[in-house]
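Note that subunit A is present in both complexes that follow, paired respectively with subunit B and with subunit C.
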Partner chain A sequence: MGRYVAQRIGQALLVIWLAYTVIFLAVQLLPSDPVTIFLSTDSAVDQATIDNMKRQYGYDQPLLVQYFAQLGGLLTGDVGYSLASGEPVALRIGGVIGSTMALALSAFATAVVLALAVVVAATLTRSAVLRKVVLNLPPLFAAVPVIWLGLVLLELLSIRWGVMSLFPDGSFLSLAVPVFVLGVHVSAPIAQVLLKSIDTVYSQPFIDVLRAKGASASWIFFRHALKNAGGPAMTITGITVGTLLAGSVITETVFARSGLGAVVLQAVTTQDVPLVQGLVLLTASVFVAVNLVVDLLYPLLDPRILKSNGQGSPRVLAV
Partner chain B sequence: MTLHLENPAAASAAQITTAPAATRRRPSARIGLWLTALPLILVLGWALFPGLFTTADPIAGVGAEKFLAPSAQHWFGTDHLGRDIYARVVHGTSQTLLTAGLAVLIGLVAGTIIGLIAATAGRAADAVTMRLVDVLLAVPGFLISLIVVTAFQPGPISLGVGVGIASIASFARVVRSEVLRVRNLDFVEAAFLSGGTYGSVVLRHILPNATGPVLSLLAVDLGAAILAISGLGFLGFGAPPPTPEWGLLISEGRQYLGSAWWMTSLPGLVIVAAVVLLAGFGRQLLKIFRF
Partner chain C sequence: MATNDKKARARRGVRRTGAAALLTAAALLLTACGGNAGGGAQPAANSGEPVQGGTLVFAEVTPINNFQTQSARFYEKANVLNSVLDRLTYFDAVSGKLVPWIATKFSGNEDNTEFTFDIRPDVTFSDGTPLDAEAVKANLDVLGKGLEKAQIQPNVDFSAYESTEVVDEDTVKVQLKSADANFLRATSSVAAGLVSPKTLELDNAGQSDIAKISGSGPFVFESEKPDEELVLAKRADYAWAPETAENQGAAYLDKVVVKYLPEVAHRAGAVQSGQVDLVRGLQPADEAAVAAGGNQVLPAPGIDLTANVAAVRIGSGKLADQKVRQALQAGIDRQALKDTVLSDSYEIAGSVLNHKAPGFVDLSADLAYDPEKAKSLLDEAGWVAGADGVREKDGKKLEVTVTSSNNSVVIKPAFELIEQQWREIGVKLINRAADNTFLATALQDPEVEFFGTRQFAYGGLGPVFGPETNTQTLNADEELNELFAAERAAADEAKHEELVAEEQRALVVEKALALVLWDEVQVYGAHSGTNIEFTSGTAPIFQGAWKAEG
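So, the complex of A and B:
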């Protein structure tokens, strides 16, 4: 167990370090340095201003110095300064992350409930028609663009029926609707993987044994099948973190909510490279951290993983 | 969505349930393939010969025909400049498909190369390339696209490149697992024993037999790319306004949500239909190609 935990943590740190390095190299591959790119939209800037700003932000240093200075800063929580506002990137992101996290977490909870509802309905129903309908829901959910569902609901609820305000006002609906839109989007991969692994579990002999012993369908499903199918679903849940964050940005824009989405948009439109770099590092770290937690919880659900250690992680390859 | 479990016990159990040969010969699999393929061929027709499907001008509007609701004459209604929205959807297909196609092409080529190296060039190469793929997976595709768009001006090409880089990881993983599966089959060993070189065996025996799941992913990923591009286009990082493009059509309708519901709803439905069909097509392909 100790070895497994150490291995996972080591791997997580390695991926974050690699992500930092890849992003650093990617910035070096840009047509010119971040300051010049940032100021390129402003024609009235002379070379002296550019050089001055480059010195302030440390872009005049040799590459190796920049690499280790930024890496050192990272370890102490300093992720650089925004070119547009001069604020520390960490502060800029920290100020809005709360509202985005609230949206993302509630949407995730909604997604899990939706996915479970789909799986329960598909497995336990006796009606072949209902089963067929329910099985087609996840691919449909996966195909609905977040922007479209958001705008259609906005049109119906606020303009046609007038039950919801066009802009966030703290009312229940103005919170619940964005959460639902994002939740539908994220529930699709979770439901698809859960359905698939439930199928796999039902083909195993122990289910037949349970049936032969006279266990009811719902007993088999809730007490045995769901637990055994939980592993891959948990793994895919870790992988949906990226979808959740990207979806948050779009949902926030559609519903005019403040949050990470506005910062991302501003960072990209003003070509603020350090801010984008910080955002990417943040999401990569969140992704790695969530997946580390999933990997560490996995043996609790399926202790066989510890035995086959070294053969591979409990990773699911989702396409 | 396809799922490969690397957990060996689960993987063998999954193989038992799929009942491969029967599915492949079942005629309903072919019918399903055509049911999804025919509408997709229509969409391809929109992209290649938009003039055959509509006579209305997608760029220049008719001043007297602003905000007309859907009717027999204007199937999807008209917009704030009196342009026929159905015509804009049809003419926007090529732009959307080109950007998404560029993305998928990048994912396919780079992913295949990385997957092949990982699966055939030894354990060290496997470890290194798969860690890089982990990094690619750790940064959401959406942000990878944003980095590319930030670095180079927003536009369809940088958008396609960004979305494409983001899709490399899934192609690399599928190609790797397929090549690993094929590589251990008897006929590959026979090819090596009868004097085949590394290159010739990979190109003539391993790659052709690993195409099924990759083709399936290709279809699914094209749908995902269309979705990603419409999302980023909505944020304003895609084709500039007068160009008709599916994502752009939805965002243009945003300002007129109150007066013209059809401007967002109907182009959105076309995207939903296209993505559902592509995903279905991918699933059917997988059924047919499964060994």
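So, the complex of A and C:
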């Protein structure tokens, strides 16, 4: 177990370090340095001004020095300064991350509940028609773009019927509606994978044995099928973090909420490269961290993982 | 057909509002001896006495978190700072002249190298510091030289600045390194707003923080929720508005709440449903609906800005011959652009400067759509039609690329139409407008032939098109720069205007380095009860604004 955990954590750190390196190299591939790009979006600037600011932020140093200085800063939580506001990038992101977390976590909880509801309804219903309808929900959820659903709901609820504000005003609906919009989108892949793996579990002989022993349909589902089908769903849940973050950016923009979405938009429009760098790194880290947690939880669901020592891919077998 | 009818009816709605606006404007001009406060001078749709009190909710396009005065010039910043910071002078769009504001008197010497400002007594910043000659000097020094310890860059319009001498408590004398006939006009810019000397002592992050900036303007910072809301409260003791402002005292409104509406699709609905009193960045397609709903469509002309242009970069060599550039200029059907992509709120460009800008010269005769002339110019330049209809020369195809930011809601569809128009004269346009990712590399790439944009220009066009690093053409044209230098040094006003006209002719007609499209305008939507006017830089004037009761 200890070895497995150490291996996973090591891999996670390696991925973050590689992500940092790729971002650093990508910035070097820009035709010019971050300071010149930032200043030039406005109007003509003279070279002395650019040089001054470059010196200020360390962009005049040799590449290797910059690489290790920034890497060193990263270890101490210092990811440089936003060129647009002069504020430390960590502070700028830290100031809004709470709002995004609240949105993303609530949306995630909503997504899991929605996915489970779909799966329970589809599996336990006796009505073929209802089952057919429910089975078509996940593809529909996946197909509806976050931005479209958000715009339509706001148009109806806020502009037509006037029951909620276009702006976040702390009311129940102003959080619930964006959470629902994002949750619906994220629930789709979770529900789809869960449905597929439940089907697989039901086709296995031990279900017949349980039925023969007289177990009720809901007993089989909750005590046996769900647990055995949980692994792949958990993996896909880890992967949906990306969808969740990207969806948050869109949701926040549509609902005019403060959060990472607004910061991303600003960073990109004002060409604030250090801020963009920080955001990309943050996204990579969150992605890696969540998948690390999934990896660490996995042996609890399926002890075979430890026996095979992480070699091969037993997760796929379960699907 | 039904939609066409609807559109036509809605259009008439806009025209009616426009006609009403014109009538009101005429009435104002006739009756008001002192003129009105309006830069853009969009007269209020409501008549009657201003109502005291109330809160105006203004939806801005995107949140901004850097309010440092002179760094970047974004509308979303200027629209707030215009009400927080005063300037030495004010540009009155009605008379087209600079009028006194914090400077009660201002004048330059004959060769435009020395300027004297008399500072209004009894003006204070909101932190209690007096706005005296010392404070003005501190501000001018930062505008002219930047502030290295706070990483503040000099203001581009103050490039000739040398020093300021405090003559007495309320007089300063400014020395320039070289003549600059545009210096006075630049002091009217929001980017030359005056802040308290205590604000200038803060570091970069401090001076960027709206909560820490003290100005002498009619509104002061009250509270904010980052990226969601900014609340400004009126300053009750404000008594130093620009000379031409109708309201000489404190603002009528108690508060202004700035909110953000990045989603363009909701801007019309926000006004229609009364959730906001004013919104910036209305799409042409939404204007009719707003007007038809009894609300106001208010175009604020960007008199302080160049027209929207496709600035030409000659790095790829394809546009090195000015005949080719002239052909492209003649190959744009601007009327079709207005009819198809824009609306009645937009005015077709007559030059690179705004129609109402001082020194504007009408070049519309040279800008007529003439595809035949365009074709023969291209023939003369040696570009002949290839098999696919695209012209070629020396094995190279006449394929050109345009880049722009996504700040304007109309720029991408505009270039889509130009792409069609140029296909007829055998030119292929690759439209990368509104693609910010592409812009990051294209902005500094002289081989990307066009940059679609508009820039603040206070007087002559030297600061915009002159320097070697200018983002418009990415190239210093020697003949142009001689012209810019002569214009800056022009001693009397008539001579100066003549040279500004010369610059426009060179940029638009002879060298055709700026393919001009439409005058810059910011289209606001306002709820029926909102009374608001705009500065020559398109910023709302909250000091003179009020809301009708009920």
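We adopt the following convention: the second predicted complex is superposed on the first by the 310 of 319 C-alpha atoms of A that agree within 3 Å, B and C clash if a C-alpha of one lies under 4 Å from a C-alpha of the other, contacts with A are read in each partner's own complex, and residues count from 1 in each chain.
Just so it is clear, a residue touches a chain if its C-beta (ideal position, glycine included) is under 8 Å from a C-beta of that chain, and two chains touch if they have at least 3 such contacts.
All values reported here derive from a predicted model rather than from experimental measurement.
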Query raised in the report: Putting subunit B and subunit C onto subunit A via the overlay, clash or fit?
Result: clash
Query raised in the report: Is A:144 contacted by the first partner subunit B, the second partner subunit C, both or neither?
Result: first
Query raised in the report: Thinking of the overlay built on chain A, is A:179 touched by subunit B (first), by subunit C (second), by both, or by neither?
Result: neither
Requested in this report: Mind working out whether A:232 is in touch with subunit B, subunit C, both or neither, as first, second, both or neither?
Outcome: first
Requested in this report: May I ask you to decide whether A:84 touches subunit B, subunit C, both, or neither, giving the answer as first, second, both or neither?
Outcome: second
Report task. In the overlay, answer first, second, both or neither for which of subunit B and subunit C A:159 touches. Result -> both
Query raised in the report: Does subunit A have more residues touched by subunit B or by subunit C?
Result: B
Query raised in the report: Between subunit B (first) and subunit C (second), which does A:200 come into contact with in this model arrangement: first, second, both, or neither?
Result: first
Query raised in the report: When the two structures are overlaid on chain A, which partner does A:93 contact: first (subunit B), second (subunit C), both, or neither?
Result: neither
Query raised in the report: Which partner does A:22 contact after superposing on A: first (subunit B), second (subunit C), both, neither?
Result: first
Query raised in the report: Between subunit B (first) and subunit C (second), which does A:167 come into contact with in this model arrangement: first, second, both, or neither?
Result: second
Requested in this report: Would you mind checking which of 145-153, 163-171, 181-189 or 199-207 on subunit B runs into subunit C after superposing?
Outcome: 145-153
Query - Doubly contacted residues of subunit A, that is, touched by subunit B and again by subunit C - result: 30-31, 37, 151, 154-155, 159, 253-254, 265, 268-269, 271
Query raised in the report: Across the complex, what residues on subunit A touch subunit C?
Result: 30-32, 36-37, 39-47, 49, 52-53, 56, 84-87, 92, 95-96, 151, 154-155, 158-159, 162, 165-168, 253-254, 256-259, 262-263, 265-266, 268-271
Requested in this report: Provide the residue numbers of subunit B that touch subunit A in the complex, in ascending order.
Outcome: 1-10, 13-14, 16-17, 131-132, 134-135, 137-143, 146-147, 149-152, 154, 170, 173-174, 177, 213, 216-217, 220-221, 223, 227, 230-231, 234-237, 247, 250-251, 253-254, 257-258, 261, 264-265, 268, 271-272, 275-276, 279-280
Report summary line: Per the touch rule, the subunit C residues reaching subunit A in their complex are 62-66, 68, 71-73, 146, 148, 151, 153-154, 156, 159, 203-205, 208, 225-229, 259-263, 265-266, 269-270, 272-273, 275-276, 405-407, 436-437, 440-441, 443-445, 455-456, 463-464, 466-467, 469-471
Report summary line: Per the touch rule above, subunit A residues touching subunit B in the complex are 14-16, 18-19, 22-23, 26, 30-31, 37, 139-140, 142-148, 151-152, 154-155, 159-160, 189, 192-193, 196-197, 199-200, 203-204, 231-232, 239, 241-243, 245-246, 249-250, 253-254, 264-265, 267-269, 271-273, 276, 279-280, 283-284, 287-288, 291, 304-305, 308, 311-319
